[in-house]
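One chain, chain A, appears in both complexes that follow, with chain B as partner in the first and chain C in the second.
The block that comes next holds the complex of A and B.
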């Protein structure tokens, strides 16, 4: 387990850990990649500025998988974060171990939600556009969100209220009134729909978490209904296409010319590019780059990329329909409560199948709250209502 | 067999906005040190997000309207990926799926009459940086001052059929875009660049031949030479089988007067366009659209017509003035103040244009305010300031646009004296001191009078009504 940088050994009440996708001008930010080893940003991310202004102590960086596209962080150039033979998420560990009261992560492909579900923490991936992405290392910009993870709902809500809000520096930032609306409970969650298609085939201990959550919800006076939701499983394939294409495009700037890793041996500019990228990027990221590049080719664009954009719209419509009949939907965040090192050795692309649970919220930009080992997804701007629901459920 | 040349142009024009397209860096780096006008956004560092400069969209729409295009009310930005060291993020943000303007026309004059050149589209995009090769050190440096400077690319249909038509088309584009004040369009400064797509076909045929593209042409003369050369090369290939034409990008070497095929590596490639998720679609509502439509200038030919028929100017004067929107605006507001189109035209054409020429400035760079010029003209007409002194005031107005003509004339001692006693005493002294000129004039040499007149004027520092001076001087000569 690695905390990459601990600037101070501060033990104040307000210390916050950032995952290594969030740029800081006083600590290096490497995005889990040899390519950006030691990279010092010229500026702080907007969320960092807001936290500092609110008196928080931003003093710690937690490792991520290369550009945060993997399962838990296992593709980091620092090696997989493992505790007792089980993969852990570094940002979650900082909270679990009490090194930080909360962790701020860039949720690109759900790693932080998986980590929070497996470590019993509370995590929110807020509505897309309510938290500025200015100063986050870009990976899959159309869906990635800055998320907050902590040990309890109140801390998550408090930290979220500090970092959320309109930012002129982010063209996708929602208007101030919408950001404010996301912070208020206007319609408390009274009915939750369980997405049956996503609950099928999960491990027994995950099923137990789902059952426990439903029982507690009912005890708290929330009605539980069941939806089929089979079409939501298509979010995974579409998200893998969109994410890979965007990651491919976003990491093309790392070419060894301006900053970052540069190969020692090259005789011309093409070799400089090729050798630098070949030496600095890991295998999983390379696969993502190849896949993304292929989906954007003239030959495949309409067949694959454009179709994925259409799937995104359909998934949004399906959610809208579901929210006619329920205030939020329940789904797992993970298929099993622990991933072993052997799991990812046997299938290094596990992130791209296991993200069947996280992709629906990623591809739509809907808010998702992980608590009690399960995931609650609500309509756009229902962030506060979701946190309120999990607080009531306890 | 007779052949016809089929030409389509892609013209890149740098928009004259103050700042770059997605960040607030200055878009004008002429004379700046390399990498002076850069920030983490335009040099491609991670974490910066593009925020669209609204002025760029204003200018893109304006250009579209000037070229009679349909404006897409929802216009989007897309990413175009390719590797080159002058492109810091390895992608260019451009418009691929929904460009700002489509389906326009530009009318040009040809020997056979007016011809409409169809415009396929106009899209907005960011420029790339520059590579500076240092041959002594055998290294290459990158200068990102130009990255993210806003451009529009104007894509024509293949409606042009000769070098002369291409020239007329480019000149017309320049005029329209300069009139709308959206661009400088100076090929020598690189603010207008041109890709030429060319093929040939038998006259009367409707099929297209094999097309070649010459990129980054930056002078009209070079374009004309390249078109002549390529046309001849294509005809030679088709007629005589000298070579097999292939669709390719070629480089024009203007010194050698030849085009060369570029390495396939430089031309091959799939740009993998996709919508930029960080730039929200730009929605142009009626209010925005109308504000741009209302700001469009009167076209030069309309002004010409108005100047000659309504304002009574000669064709030469009208032609001179309509060479630049800045001259027109200066002229028109001067007329409003002084009430005389003839006087205002004279001042703009004979004084202002020559000062601009002397200073090596383009007409569009004129900063002299027409209203101020009008007041200066009134001062001269009322005999309050001599013409020569008025010229000096005008010259100073080029350096200081805030000059108030009345106050400045006062300050400089340029107000014409009405003191006839002073004039008479000066004239007396001059005549007395130069009996030779007096005698010469009396002997029939008209020029001698001018010499005496000039001396008097100089003594009076120009502050004298020339008519009064002339009368007094002639009277004094009579007496002498």
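The block that comes next holds the complex of A and C.
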């Protein structure tokens, strides 16, 4: 188990931790995978360049689950990050322990949001396209976002303002005026809709966090309404398909030839590829690769993969309808306030059921802010309004 | 999912699973398929246009000029094996 996988000498107060999905030229980046153990990038990710130019010290890398598709980081080849028997997110731990003032992560399947909720930190997964993904290790490109986690809203907002903005090097980067719009509060949150269907399966601790957030919101003058939102639970199944298919394609480049792990024993080129991938990838990632491959097969493409793309549009439309009646929606980020090692030993694929809470924002690219152990999701480009709301709620 | 299909998927993805892993992967597939049935419960997707990107995506173009140069040594720092500036790859011809 490792929390920090690499660090540079730095005594300044503006230390930033990156999760191990973000490339740095002065520290290795492994994506939590034996496949990329010791990999050194030739260049920094755009977010790293921007942070350095703003005077921040990008001084450490936090461990991450293999290609960030898991629950909290438990599939890292370094072992699961655990504190007192409870699974923790390594990037969150760097902030919680005071090693870094903020952590930058690639939110692929919600691990950082779950970690922030359970650690009592503030985290934003910004609107898709407002922060450059140039120099991040690709996993599920159509939904993954560079996210910011810190101990308070102001720090999150300050760091986000540094890294957000158009980047010519990222084909999915939004135009500058849209990125700027996401950084301004044009319509403050006055009404929040609670998604009842997503709150039903949570444990008492999470329910208490939801109740507390609603009470504080009302005390801050924000109206609370309730929506059924049952159809949003279907986002998970569609996201699992799209994420798996994209991960399958993205990790197909790792074959042990140009870079990455190479098996020692092989008798021909096919064995080289197969042995390298089999020895280097972990069990959960292999399952994801195989499932993604199957959803893209001739037999399943239309009835599974294509259908998931259609569901993505439907989920976007459902959110658009909800935002006619509320400025943001409230939902849990986790089903329970602590996951244990026993939980993931009993069900190593827990991430693919627990992401029922994080998949709606992942599949739609909508901004999501985690604070007070719960998650607030808003319309596209409402990033600053969401942060303003959680600051007012306190 | 059955073992025959799984064997084909292993081959396509250049992976080799143990018998125990195969059982595990089949369980994963079964769980995902059960999840997917929820979609039919909620939605009729027949007339819905698919959404590949959540935001408009434009092809990035730039002037065809060199903007960054790397030394050969830097480019090869992650190669599993090199020899005097060349990548060493396994023999593929008998």
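The rule is simple: the second predicted complex is superposed on the first by the 386 of 394 C-alpha atoms of A that agree within 3 Å, B and C clash if a C-alpha of one lies under 4 Å from a C-alpha of the other, contacts with A are read in each partner's own complex, and residues count from 1 in each chain.
Here is the rule we go by: a contact is a pair of C-beta atoms (placed from the backbone, for glycine too) under 8 Å apart; a residue touches a chain by one contact, two chains touch by 3 or more.
Keep in mind it's a predicted model, so treat the numbers as computed, not measured.
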Please determine whether it is chain B or chain C that touches the greater number of chain A residues. C
Look at A:311 in the shared chain and tell me whether it touches chain B only, chain C only, both, or neither; answer first, second, both or neither. second
Partner chain in contact with A:259 - chain B first, chain C second, else both or neither: both
Once the shared chain is lined up, is A:283 touching chain B (first), chain C (second), both, or neither of them? second
Thinking of the overlay built on chain A, is A:245 touched by chain B (first), by chain C (second), by both, or by neither? first
Return first, second, both or neither, reflecting whether A:213 touches chain B, chain C, both chains, or no partner chain. neither
Based on the superposed arrangement, let me know which partner A:227 touches: chain B (first), chain C (second), both, or neither? neither
Check the residue A:357 against both partner chains and state whether it touches chain B (first), chain C (second), both, or neither. neither
Per the contact definition in the header, classify A:23: touching chain B only (first), chain C only (second), both, or neither. first
Kindly classify A:365 by the partners it touches after superposition: chain B alone (first), chain C alone (second), both, or neither? second
Both chain B and chain C touch chain A; at which residues? 42-43, 142, 168-172, 252, 255, 257-259, 269, 273, 293, 309
Enumerate the contact residues on chain B facing chain A in the complex. 40, 43-52, 79, 81, 83, 85, 88-91, 142, 270, 272-275, 277-280
Quick one: which bits of chain A touch chain C in the complex? Just the residue numbers, please. 38-40, 42-43, 128-129, 142-143, 168-172, 174, 230-231, 233-234, 236-238, 240-241, 244, 248, 252, 255-262, 266, 268-270, 272-275, 277-278, 281, 283, 286-287, 289-291, 293-294, 304, 306-314, 316, 348-349, 352-353, 363-365, 380
Which of the residues in chain C end up touching chain A in this complex? 1, 5-6, 9-10, 12-17, 21, 24-25, 28-29, 31-32, 35-36, 38-39, 41-43, 45, 48-55, 57-60, 62, 68, 70, 74-75, 77-81, 87, 89-90, 92
Interface with chain B, chain A side, in the complex: residues 23, 31, 36, 41-43, 45, 133-138, 141-142, 168-172, 245-246, 249-250, 252-253, 255, 257-259, 269, 273, 293, 296-298, 301, 305, 309
